[in-house]
Structures are given as structure tokens and as C-alpha cells.
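Every chain is named by a letter (A, B, C and D) in the order it is written, and numbering of its residues begins at 1.
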Amino acid sequence: MSAEVYAPPEEAAASPAKPHRAPRSYGPIRWLPRILFLLPFVYWVLWRIPNDEAGAPILADACIYAIVGLSLNILIGYTGQLSLGHNGFFGIGAFAAAYSLTVRDVPFAATFVIAGLCGALFALFMGFIALRITGLYLALITLVFGLTLEESLFEVEWLTNSGAGQPADRPEWLFDDRNFFYFCLSFLLLAVYIDWRLLRSKTGRALLALKENERVAEAFGINVTAFKLLAFVLSGTLAGVAGALLAYRIGIVTASGLGFNLALTFVLMTVVGGLGSRLGVILGASLFASLTFLLDETWVGVVQTFLVKVLSFGNHTAEINIEGSIVGFIGALGLLLTIVLNPGGIAQQIRPITRWLSGKPFSLHDDKDTGPGSVEGSSVRA
Amino acid sequence: MDVMAIEIVVPAVSGAVQGCVYGLLGLGLVLLYKSGRIFNFAQAEMGAFAAFMTAFADAGSGILPDMPVWAAVFFGMITGILLGLLVERVVVRPLFSAPKVTVVVATAGVFLFLYAIEGFLSGPGPRSATRIIDGDLYTNGGLRITNLGGIIVLVLGVLAVLSALFFSRTRMGTAIIAVSQEPTATRLVGISVERTAAFTWAVAGLLGAIAGILLSGTNGVIAPGLLTGLALVPAFTAAVFGGITALPGAFVGGVVIGIIEALAASNIPKDIMPGSGKVILFGALLAVLLIRPAGLLGKET
Amino acid sequence: MSVLEVRDLSIRFGGLQALEGLNLDVNEFEIVGLIGPNGAGKTTAFNCITGFYKPNGGTVTYRGRDVTKTPPHVKAAMGFGRTFQNVGMVKSATALENLRTAQHAKAGYDVFSGLIGTGASVRAEKKLTDKADAILDLLDLTAIRDKRVGGQSYGTLKLLELGCALATDPDVLLLDEPTSGMGPDESDELGERLLLLRKEFGLTILVIEHHVPLVLRVCDHVYVLNFGRLLAEGEPSFIQTHPEVVAAYLGGEDPEALAATHETAEDAELDAQLEARVHGVTATPAPEEPVAEDEPLDDDTTELPVAPKAKRAAPRTRGKTAAEQREAKAATPRPRRTKKDAT
Amino acid sequence: MSMLEVDGLRTGYGSLPVLQGISFSVEEGQTAVIFGLNGAGKTTTVNCLAGLLPVWGGEIRFDGKKVSGKDAQGIVKAGISLSPEGRRVWPGLSVMKNLELGAWSRKDRNKIDETVQMVFGYFPRLDERKSQLAGTLSGGEQQMLAIGRAIMSKPRLLMIDEASLGLSPKLAQTVFQVVSQINDDGTTVVIVEQNVGVLPYADQALIMEKGTITFDGRGEELEKSGELRRTYLGDAAAAEH
């Protein structure tokens, strides 16, 4: 997994200087099966689902979650700072956008800038704390930070429209859910571009170096303090913008739903997707955003029957609450299985395919060059 | 009683009793931190799970027979121990050589898992929890201490002393500390690291169950995630406040945090600062971590 | 001209006086050796010079500038390249990525143009890769270009780490035990490399080394540390015969007695036999010990000097010197062994 | 029959091999010293013998019985004890508790107390500091404690990794002398060392290089060989000749 961080497929495809393991080249023709393989997915995601009334909002959610996932990945996956308070940055972005649009009449486009700035500001505050407090204590303090924001700032009257929720209406051209999905998708593409540039420039390398060993980073001339803060600011900005998107997606922002569970869901989807892997994180986030949609009636029915027939614990009301808990259940199970059995997450599982798509011959076995420690050295464990 | 007393004394006393529950949860957190450098984000929910089981056994729902209160409480405590053992075996042990931060994310996963299971079992709404004992120990005007409150203070005191004695006096206690300080050396003298970890988690599960049953009792109702929302952060703050490795520190920290929170909540109006209790807790936690990371009673840095 | 001037450098850790009044000069294009037993304070001195520790007293001057309090990343950008005792690299990254990371300060573009992806930043990146490839070529490490650093053998890691230090475009190179994990032949080869690098890059080198033959061959000047103090300094030939230095290294043994041990023809013959034996066994070389993945890179653990207290605390050696004891032991075999020989 | 027989031992970390089939044996009552540069595989060898690393191939026999495949607990019970590299005492426990935990595998309280007294006999310094926290001891005292702790299980084979690391030459000599005394009292000893000062106490000397044993002979033989000293120990004085 970490190998992907350092030698992303794009690079492998672009760099010709690898004579010792270059596959037999069929010229441009070798891309043909790969493009044919991708086409149905592209058609499905970009055309089929958005035209479905129920599908478009879920895809928009997937984009929003994916941006948050990339934002968290910058902190946890690249910089090694565990943040359990991302709901705070996300929420402040949502409220800032809704408040500036509805109360202050700020132009629609500018609300995203404001949301990003607010997210960055709060993240910077957290970053300064992270300079002094590290590891487990940082995880704890970020968690408390998110919870505190939820119960204090997100309850302030002028910000929350006296607790009724701050409205955030989309402009007319975005009323259509399909258009709104494309709008969110463009933000996601922007985030992916920034993330891609990050890893291909000295900034990303600096973050990865300071994550593994701050002293080595300093010996390489990296200003550890500045780059740690930069990572927080970058991450906060992305989370804030994603929050603004969510505000417009739902149309009204309330504190409920911006709490502990959301913070954990963010961490969870990032870890399950595969820390350090861009594609993995996006897939993980999309999976979590669409879980309720994917688990249709039959699934729920099967689980319900099982629980009622076999356990029938607490069945005094004869109404077992499946729908409300199934997402958490599957998410938690996925997280535990990922951490304990498969630290590379989804990214590691789909590696043979991503490798093939990047132009290498298809092989189920992992790249030998990543070495025996590729799993142990992966970001989750590092 | 004069106004001053009602504004200060009443919330302070109820805060102190509430703080004892924080301390009780904090004891389990300290135990796990002391033995394995783990922050267990599922501690409160493990207690809540045990409290659910107690409530089910008390009311006799599903396959569980209708039990008397004492048997239900006993059943809840056993569930807590088993749950601790299960978490250790399935989640913590496979991660023995992983970074501690990974283990922490995993305990957060355990929280979500328990949360979902509780949702399956109980439905979304709150249900009534088991009260071990009713009635008041002491009433005077606005001031009221229930019998349950008295039991909580007593139980916390006894457990804090017992667990401190356990670490300073028994071989097992010493072995647990040894594992946390130098696992390799501990293996080399023939101590089973796995067995000490299982023991610790069993005790942590029991402590969590006791806290969960008592807290849900004072609360009257129980719902998925309710205990975590109510008590996890104050319990962590209490543990850090008292020095994360000092067992009596959790007791002192819990009481202090309980009082601070109650005073803030009752004296700062909601329209000036909503969630003032939480804000003050955050500030207190931040201050302790920045200024005196070893806590009030802790020795280690 | 003096490139690096250390004056009266002192640092304490708690009750331990790790360095006391260290004076050290490194002149332009010199290779200066820093030797001494484990715990003498060599790495501590390195950490003070490169800014990782803040000394309690004394100054470090670099080309006439006081840099005592300059933080390490600024020093790295100024031209201090260093290696660590237990290998300082990003172990989860490939060799190439490490060499690119090491060029951070001289990357030639700022963070934002990197994020936007301006043409200038892309061209600058290309240059970094070219330089990294050149260094890999120079050190004969091209084979591990795209391999994870963490899985490589210790000796390879030390060599690559030297490459990373070179990639920071240093003026002064500070090497902490560059030959640890290398066999004698590789160590000799490294000595040649250091001389070559100095010539090619115009480097000034300060090196901590345990492999004394290397120090004697390549260094222009040697400083010997013991218990945080300077024990001796001078040219290698002077240091080599300095009785106190020999005593510090060999645990109080009499240098004369050591020198006398292999003067006879018999010994020469024994040497030859032994050597034959050694070569017989080493015919199939095995991989070297890898560095454990999770091993902390903190290089201070082994370097924390023994408290002066410890010296007092230890029971004194019995009356004899070690050499005398050795003779006594050789003359009268230990009782148990005699018993066993008899059976 | 030798007390400890290692036959074609192979092991490593993760999937990276370190030891490539090493074989040697140690006679009962002797002191064996393993020399070698950093990274030669010395620590790997003793860690594997102590059950901290899995055996990939080959066999370890102790008193003729196979012990390879046992975990650390089983090895201690069989009578082998290791004082690990870097000492690894429990810094937050008192000296006395450190020693008592060393006797975890034994049950008889009185016999344990006897062994504690024996350790204090070897290292009077520890007796003076028995209630002090181990983390506050000096490096030399911690080394004594680590050795003392390893004796607490009453091993028949005592292994010490880097006995002199970070100690002053004088203190290192003291430690070596006590180890020699422990050896005289009937315990077989294996020491991993980089310090030449231990040679006078060695009956058997081994040199490791890159995961193989390149010399196995009597201590005196190695001592007389100036070439080996120069190559492996970087001995400045011998380099002249």
C-alpha cells in the first residue's frame, strides 16, 4: 500500500526509466482492453446513476465523503496525525457556508471560500495543539474538540437560526440533483488533483518523511513545524469545503448528525478504504455514503429474520431496529476486519486491477519490489 | 437554604456524585492505559452493553428469564467480563505489535460495533434501566442524595483502593506493569503476555459493567450511545486529570471534573455559551495536557 | 580556513554530564575522525553540532557564523549533511524517493507552485530525479532504485544513507558510524569512496567511526572522546600510539603487552591457519542482518553516557591488571575444565 | 555430549533471513563469547535461542533434548535465561520487584529469597539500592540488575547480550569478573560482546559475520591471532603489526 504512495500508477506509467521490469510493450494497443474495461463503469457512474432520481443525491454524498476522506488521508495517511475531530472542521464549513449565504447574503461561490477558510482556521488551531500533544493524546483531544464544537458552537443561536437549523438554498442552476452531483464531482476532481500534486511534489514527500521520523526529516532540511501545520490547514480546507457542499446538498444545517458518530464514520471509511491510497479512500468513502442505498429490503429482511428467530433478545416490542443500525454494524465490522486482518484496506484488495490499469501485466501477486514489509510498513501500522 | 447555597452547593454535590461515575469509568481507562498504553474508546459502551443485559435480564425479555435485581446485576457483570475477554482476544491481541494508535482506532470500531448491536437489540428509543435501589439517603431543601448515589461513592472508593493495592501488592499486578514497560523482558522471564492482557481486559470489562449499570441506574433510561455521549469524555478527562497511570487519580479527577461540569452547566446560561460544561472540560483537558501532562497525581511524564 | 569551530561545548542530561568543554576544529577539505568507546558522547556531540540538541554551554561556529542555536532544518539547508547511527531514512519509501526527499531544501520551487503544478516545478522535479539517479549510479545502488528501503540489508542502508546526505547538497558531511553493518572489505571500499567524494564534491567530512583501521587510513586529524571529554587529538599516527587512547579502547590493558602477543613465528603460523579457516567458512556469504522495521531511529539510546556516579559505584577491579589475569589464567587452567578434560 | 547444541539454525525477521544455518555447541560449565561487528547476527542468535524468534530450520538441543520450537516461557522452564540487549529492566519497578519478577517461573518463596541473596552477593550495589526504581539506576547498575534478573530463574545456561555496552572499561571488567564468578559457581555462560576485554574470561570464542560463524575455537587461540583482532575488533595497537 505504501508503495502506491510513493510510486503511484500514474508515475509508473509515465516514467520510462525502468528497464529492469518493463513489461513486453504492445505499444498504444495495450491500453485498449483497459479502456474497454473502464468504459462500463464510467458510463454507469457518470450517466446511468445520476439520471436516476434516487441515485444522484447518493452520488453527491459519495463525492462529499470522498473529499473528506482525502482530507483525512492527508492528516492520517501522509502526516501520521490521528484526527478524530474531523466532524468539527466539516461542520464548521457547513455552518459557515449556510450562515454567510442566508444571513449575510454572500455570493454563492464565495461561501465556499469562507467555508474553506473557516475549516482551515480551526484546523490550524488543532495543528498548533498537535505540535505539543502527540499520539494517543492527540487522538483524544481531537475527539473532545469535535464533541465540544457539536455541543457548543453548533448550538449558538445566531449561527444555527435559534436551533431550527440554518437554511442553505442552492442557486437555481443547481436545483437538479444531477447537476448538483456534477458540481460535487468537479470539487472532488479538484481535491484529487491537489492530492496528486501533493504526492508528486516536495510537500508530500516532506509530510511522509516527518510522519515516519521527524529527526530524519529535519536532517533533510524539512521544517517539521511548518509542514505539520500546512497539513492541518490543507486538510481543514478540504473538510470545510466538503461541509459547505453537504450544506447545499441537504439544504439546512443542524448540529444533529455532526457528532461523534460522524467523526468515527469518517475515520472508519478512510481506514477501510486504505490509508495512504487515493483510490482506496475514494472507494471507501463512496461505499459508506451509499451503504443504506446498497442494502435494500431483502438484505435487511434476511438479517432481521436471523436476529428475530435466533436471538430474539429484547424483542418485547416485536420491532427490531435493523435499518437504523445496519450501516454502523457493517461499517464497524468492516473497520475491525480491515484493521485486524487486512491493514491495506480496499486499496490492497483491488491492487491487481489498479496495477493492470496502470499498464502493467495482470498478476494476482503483489509487486515483489514492495518487499516483505509492505503490509507491516503500511500506513495503518506505521 | 440561601440562594448562594442552591446555586453552588446543590450542583456541586450532584456533580460530585456524577463525577464518581466518571471516576469509575476512568478506573477502567487507567487500568488499560497502565497495562498496555491503550485508550479504550469503547469503555463506556462496554459498560452500556452490560447495562442493557442487566435491563433485559431484569425485565425478562427474549430468551432471558425474568431475574431478580441482584441476579440481573450479576448477569450484567458477567457479560462485562466476557465482553472484555472477547475484545482482547479478537481485536487487541492480533494488534499486539501494531502501533498503539491503530489499536485506538480499533477500539473506536468496537464502540461502533456495540452501538449497532445495541440498536438491533433495543430499538432506537431509550428504555428504562435497572435501578438497584430506590429511595433517598439524605434530603435537605434542594439538596438530595439518593441511596444509589451513596452506593456509587462507596463502590468507587472501594474499587479505587482495591485496584491500587492490586498493583502494589500482588504478583499479577506487578506482572501487568512489567508487560507495559518492557514486553520483551517480560516474555524472557517466562510471563505470558497474552494471559496478563486477557486478565486486564476482563477486569476492565467488569469495571466498565459496574460503571454502566450504576450510571444507567441514576439516569433511569438507557439507549445506544447514551453512556458514551454522557460519560466517555468526562471519564477520559478525569483519567488524564488525575494522571493517566494513577488509579486513585481517576477517583480524584472524576470528582473534580463532575463538580466543574455541574457548576458550569448550572451557572452559565445557555444563551451565552451553549454546552458550557463541555467547553470547560475541553479547556481543562487541553490545559492539563499542555501544562502538566503527568496529571495532578501522576508521576510519569 | 576553519569550516566548523566547536568551542567549550557542554551538555547535561539530568544528572549526566554528557559533554564537557569539547573543543573541535574542522578545516576546509579535511576528513576528521571522532572516535571513542561506546557512551563517550560522540553522537551527542553530533546532535549538538547539527542542532538536534541545545547545548547548555559553548558555541558552534560555521564559516564564521554562530550557529549554536540554529534549528536542524535550517542547518541542513545551510549545508550540514548528516547520517544517523541507526540509519536515518524513510524506510517505507523507495531509494529514489528518499534521495528526492533529501533534496527538499534545494528543490528549487515553493510549496504552492508544487501544489498547482506549474511548469517550473515539474521541471525542477525532473532535475531532482536526475540528481538522485546520478547519486545511485555513483554509489552502485541503481539496482535498488525502486525498492523499499526498509527491506534492504544494513550495509546497503548505510551506503544509501550516505547518498541521502550527499543529496542534501552538503558543504560539511557528518557521518555517524558509516561502516556499521559492513564487512571488512566493504568498509575498506567505503574509505576509498569517502576520499573520492571529498575530491569530487569538495566536501569537508566529520566522521564517527568504530572501525579504527578506516579512521587511521582516511582521516587527516582524529579526536578521541571518553566520558564526554576530549581525551586526545592529533594525526592518526600520533593517536594510534597514544597510551591513554589504547587504554580507553581496550579496557585498561597495557599496550606493550598487546603488542607483544604476536611477535613469534608460531603466532604467525597460527594466524595463517586461522585465516584459512575463516575463508573456508565465509565461502558462501549470507545476507546481512536487516534492520527491524519498527526499530526506533532514535540514536541516543546507546549513546547516553554512563554517569560519573557509575564509576564510583562499581566495585574496583581486583588488584591485578587484566593482562596479569590473562597470564594467570593461561598458566593454570580453570578447575572445572580440567575435570571435564579428564573425563 | 555438549550442553547446548545448535545444528544448522536458520532464522530471520519477517521473511528476511539473517542466520543461514549456523552450528556450534557449548560444553557444560564453560564460558562462550560470541564476537562480531554490528549486524553480524549475534543478537539474532541469542534471541532465537531464548525463544523470542521463530526457528525456521535446524535444531537446538539443550541437554540432548530438543528445545527449538518452544516459546520464551518454555525455554525459561528448560533452564535457559537471557539478559537482553539494551538491558531492558523495568524502569518503573523497584530493583527488588525486578528481581522477584525474574523468578516468575519458580514457586518456592524461600528458595527465591535465597537466590535474591545470591544476586546481592554478586552485586552488593543492588542490595544498597533494592528499593530504588530501576529507571533511576546508572547504566552499569542496570546491567547488573539485568544479569541478576536473568539469574533469578536459576538457569543452567545464562546468556548475556552486550554485557559491556555503554559501560566504562573498568565497569565492564567488573561485570565480566562477576560473570566469571557466576560461571565458576556452576552456570554455563554465553556472552555476546564487542569488547576485547572479555577475552581473558572466555573458554570458547566464536566470531560471527553476516549470519555465519567464521571462527570457533578456544579463547586463547583467538587472542593470539592479531589478524583477527585487527579485522574484527578494530584494534588500533595490533594494526601496527
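Rule of thumb we're sticking to: a residue touches a chain if its C-beta (ideal position, glycine included) is under 8 Å from a C-beta of that chain, and two chains touch if they have at least 3 such contacts.
Bear in mind the structure is a predicted one, so any value in this text is a computation, not a measurement.
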item: Shortest walk length in steps over touching chains, chain B through to chain D; value: 1
item: Chain whose Cα centroid lies at the greatest distance from that of chain C; value: B
item: Rounded Å distance between chain A and chain B, as computed from the means of their C-alpha atoms; value: 31
item: Distance between chain centroids, defined by C-alpha means - chain B, chain C (Å); value: 50
item: Centre distance in Å when chain C and chain D are each reduced to the mean of their C-alpha atoms; value: 26
item: Where chain D touches two or more other chains at once, by residue number; value: 14, 16
item: Per-residue overlap in chain C, given as positions that touch at least 2 other chains; value: 151, 293
item: Junction residues of chain A, two or more chains touched; value: 372-373, 376, 382
item: In the complex with chain B, residue positions of chain A that touch it; value: 82, 84, 129, 132-133, 135-137, 139-141, 143-145, 147-148, 150-152, 155-157, 259-261, 264, 267-268, 271, 307, 311-317, 319-322, 324-326, 328-329, 331-333, 335-336, 339-341, 343, 380-382
item: Sites on chain D touched by chain B in the complex; value: 50-52, 71-73, 76-77, 81-82, 84, 88-93, 97, 100-105, 149-150, 152-153
item: Contacting residues of chain B [partner chain A, same complex]; value: 37, 39, 41, 52, 56, 59, 61-64, 90-91, 94-95, 98-102, 104-106, 108-113, 115-124, 224-225, 228-229, 233, 236-237, 240, 270-271, 273-276, 278-279, 281-282, 285-286, 289-290, 293
item: Touching residues on chain C, where the partner in the complex is chain A; value: 50-52, 71-74, 76-77, 81-82, 84, 88-94, 97, 100-107, 109, 111, 114-117, 121, 125, 133, 143, 146-148, 150-151, 164-165, 168, 293, 297-298
item: Residues of chain A defined as touching chain C within the complex; value: 2-3, 5-7, 17-18, 20-21, 193-194, 197-198, 200-203, 205-206, 208-209, 212-213, 215-224, 230, 369-374, 376-379, 382
